[in-house]
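Worksheet: the structure to be examined is printed underneath.
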């Protein structure tokens, strides 16, 4: 397996399976001299962890991060930051229902074909539990990016959407409800919808919107590594993501140039921001905003037909505690990945000019 | 500037500006022994080149590829394939209107801020002319991927959409009309719409859909380098792209798990394919399909207000010959980038197992 | 800091400081299905660890490796292999003599200048303790390289050299003496020399030779990533290394072409092997052999003059337990790095041909 | 084939075979705003080109560089710099003697085994002609490194050595003789030796020493990407190189710590410089110096026995015009590779601290 490293200069290499001894990672390329607030890092972990509210999975994992290197007297030293999150919830589970059968819309089948066998304990490396490492690294990246504000929030659950532009939302309300939706009326409806779905034994999709303020002009590289291409890859690498759009997004494909162009103010800001804060792959100082689509969680508490390794039809039903809707817990993960992309491009931008 | 290389094993490094002497690139990592059909490569270049029909830019560029290395006696040798496309259309242009002013929704402003100055001749490195190199490399990648079929087509122009599933389309009709839309009724409407828009001096956005058949099971890496994350980055790196979705995409975010899960047939294929041919980032052997949103071209033949370097408000109007709608010419570029992603992941998949 | 990852496909990312909580690393890119002998890995760690004999440092560190991921039912799964070596010897040391002063021929001074401050506890990230992670990864790589034999040994200590070609040595004797020199007569002299040096409070340099047998033809890439260039970089990245030569090495620079050329046997082997098993950067199936020069350890038990941060002249004398000669413990590290290079190039070679 | 890119941030990707249409490359990552002296670049090419004197190959190749992109109004723009060197000497050669036979100590045999066949025209990709691209990129890197002085020179031919420390040499004399040896007495002997060898139809090895002055403190990364490890890989990637040592090198392996340690002056410089300007992989501001061993050229004008593809013994004798000793022409290549390493690490060092 390749592809367990993200980033060009500010790099996270992650490891760990859902039911192994521990997850963790190495952050390499972090500049020296950043005063790290470890509580702020644990705070992000707590936002991601299961069991926070009635509408997410009821599994209990403390998800405490231990740092092993790269920090001295409260500051980053420049050395790689190694960290580990021990899996405390490692009791002997019953995996018999998935050991030899393939869960629909999971990666069980493709893993067996690709690697010849698989770690069948709860999804192994394909589990979203891996994103815990991303949240740690993203929280470090956020501290490198002093002054840049990254706010993600749930913008839809099923067909319930916030019907306001993000400018009308109060981001300080994001954490005020378990859905992480800053629009309280929508949040209430979304929460209700998730409760219903859970009762049905079903799951539901949703979207997360992310807004990034105070980005300096000049981040991103103009050809293959456009800033939005890096952001898109980052988001699409999160489990269950099916789509990414930034600025005008798919709506922009219906517009005319005369409607879509962002005209300049004398100071270089633009009157509109359909571009989403990025021109030609490079940040222009306006707000960066994008939207990420998450499919419904594949594990449902309803019986489904599937196949076993020999191709026999078998019945299967989800066991254990799973999220009925992934977007509330995806919010800190989206922010973390955005922070990784920005930190990486920020360091790279230091080489722009001689 | 970084980021002029795409790929991990099958790598394209590209160079060249719209109005410089030549564009080109180096393909590194291509396996030895592929019998290259050079006509097939030039054919892809001809699909991308300007002046093919009345609804694209009327500029004339022959876009002939010259190969300088890496091919011997008709076969790839394993050595890097260097190629060049000379810019024949290099006559002295009048750039006075853009030299000191910033075109709205172009990268002029951010280039000046990032690099301190810019090559103002027709967009320089930010021009979509750079995609010519991608089409060359993609055409080589296609020949490495014998048996895999990659078909992209225009699925919408403005608000005119093909209203059929892709399974009902005849891909052999893609090249039968200048829009590159396989649904003839829609194609006619789209062509009409583009003609109108051009008369208005305006431009319009659209979408390209891509369908990939016969992909072996097992391409893609499960964490950061998921196959769809690589595809998403590839597409988002194309000029004017605002969004990417695969499989159920943004619609999937509205669905329930019980509706969205793809149930297995005994042979490992699935009854439905909302997953879009990829499970957990790894190809599952079903059709891969995705959709890419393109904004309207920013250069319009209407007067717009903008600013010059000093922040003075100035009037500006597009000069020269520009595409009123970019999607017809984007079709071969989307295919090329898809081919690069697949070739790269195909080579990588050879290291899966011992 | 960058550069904590080694390899292109079989990659080690390492972390950890000499006196931090733990060292460790992530092995990414290891193929699935390798039956891992964990005892063989610990055996390599034991060869590297301090306190093995009277001629190495008397520090006590058990250096037990814990694997956190990537192994299931005794086999590599393809997922990244995360591992940790806890520093058990973390008692509060007295660093006052090095906190504000720069040890001669150590990296203290350059770290302060590069990063603005440094982790002054025993060398921090610059300590050779970091090589423990390399030995773990190298031991995994060895198991991927079934059939390839990698044998390193001490070929000189100070001016005491083995004066035989490697073909006349019995590699099974390498572990029979604490110097790790397979020539017993030389080993005795070397051991004596190291004992003397230690009594003087001084240190001494030496060389390690490495011989690799049964390498398949075709490993290595012909231009920048020549197999010997990768090996050279690997060796030069080990602490205290000052030089690398392979095959005829520096002696080859004195020879004539008619003396130096290796003539072929009908089966493609060569009658001589001044090339050192590599032609044009690619393995040719003959034994690969190379020699690595290690300087004397910089920490000596004699008083030296040096400077403090303010540039004042101060007296300094080594404290603690240090190696009088690094080469006996370097032997497993040289083997580990060689194994990493070979495993990486072995995986890459799978993409040679279509 | 992989490995045609050198560098992490300042990157050269090269292409081209000895007898193909053209060689060239792409320099990616070069900062914007460098005023490029194109004559200085061509000057380096002229130093490398064949036919400069009676003691190098008499082939005639003008080796004129054409730049295709990345330069505008005399300055680097930040965009990738694409360049090409046309092979003008492409007349139909007679390759019958090497088409089906393997030249001893060349890469013919391993290429056939690795790739299944080979471009047999004059060595193809394995030819040292590829280094022309390195010299172009190195000359650009030198201009990024304003103030840093890189001087390489021939320090030995066969057993004729300069017997002075480099501090006693006048580098302005390097170009005063065809050997590129700044010690005139040695230069005369070396030239005489090469003339003799050529008359014999034989070839001879030699060494190149490189001295780099005015390097800022702090270049290089402390673990795998130590500055000397990068330099070592760079040098070992040059054709015919068998060894690399820096600072005290192999002699250092015979010394005691008390002799080898470089004691500090109050200003942070050191009284001696056995370290060779690098401590723990990081430049310390003292002169960097290293030595590179080149084997004798494998093509000799004497009859040798070798084998053909079927394993039959055949006679072979070199044809055409070859260098009797490679070191005089290797001097600018060594400098170019050193410049690439320094430029790369210089850009990287900008991310050291926040």
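Read from first to last, the chains carry the letters A, B, C and D; within each, the first residue is number 1.
Here, a residue touches a chain if its C-beta (ideal position, glycine included) is under 8 Å from a C-beta of that chain, and two chains touch if they have at least 3 such contacts.
Predicted model, so just to flag it, every value in this text is computed and none were measured.
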(message) Quick check on the contact graph: shortest path length from chain B to chain C, in steps?
(response) 1
(message) Farthest chain from chain B, going by the mean of C-alpha atoms per chain?
(response) C
(message) Using Cα averages as centroids, what's the distance between chain A and chain C in whole Å?
(response) 39
(request) Could you put a whole-Å number on the gap between the CA centroids of chain C and chain D? (result) 26
(request) Quick one: which residues in chain B touch 2 or more of the other chains? (result) 1-5, 9, 14, 29, 32-33, 78, 114-116, 125, 222, 351-353
(message) Considering only the defined contacts, which chain C positions touch chain B in the complex?
(response) 9, 29, 31-34, 76, 78-79, 144, 347, 350-354
(message) If we count contacts the way the header does, which residues on chain D are in touch with chain C in the complex?
(response) 1-6, 8, 14, 102, 104-107, 109-111, 113-116, 125-126, 130, 156, 158-159, 197, 202-207, 217-218, 221-226, 228-230, 232-234, 236-237, 239, 242-250, 252-268, 270, 274-276, 279-284, 293-300, 302, 304-307, 311-313, 348-349, 351-353
(message) Please output the residues of chain A touching chain C within their complex, sorted ascending.
(response) 1-5, 9, 11, 13-17, 20-26, 28-30, 32-33, 66-70, 72-73, 75, 77-82, 84, 114-119, 121, 124-125
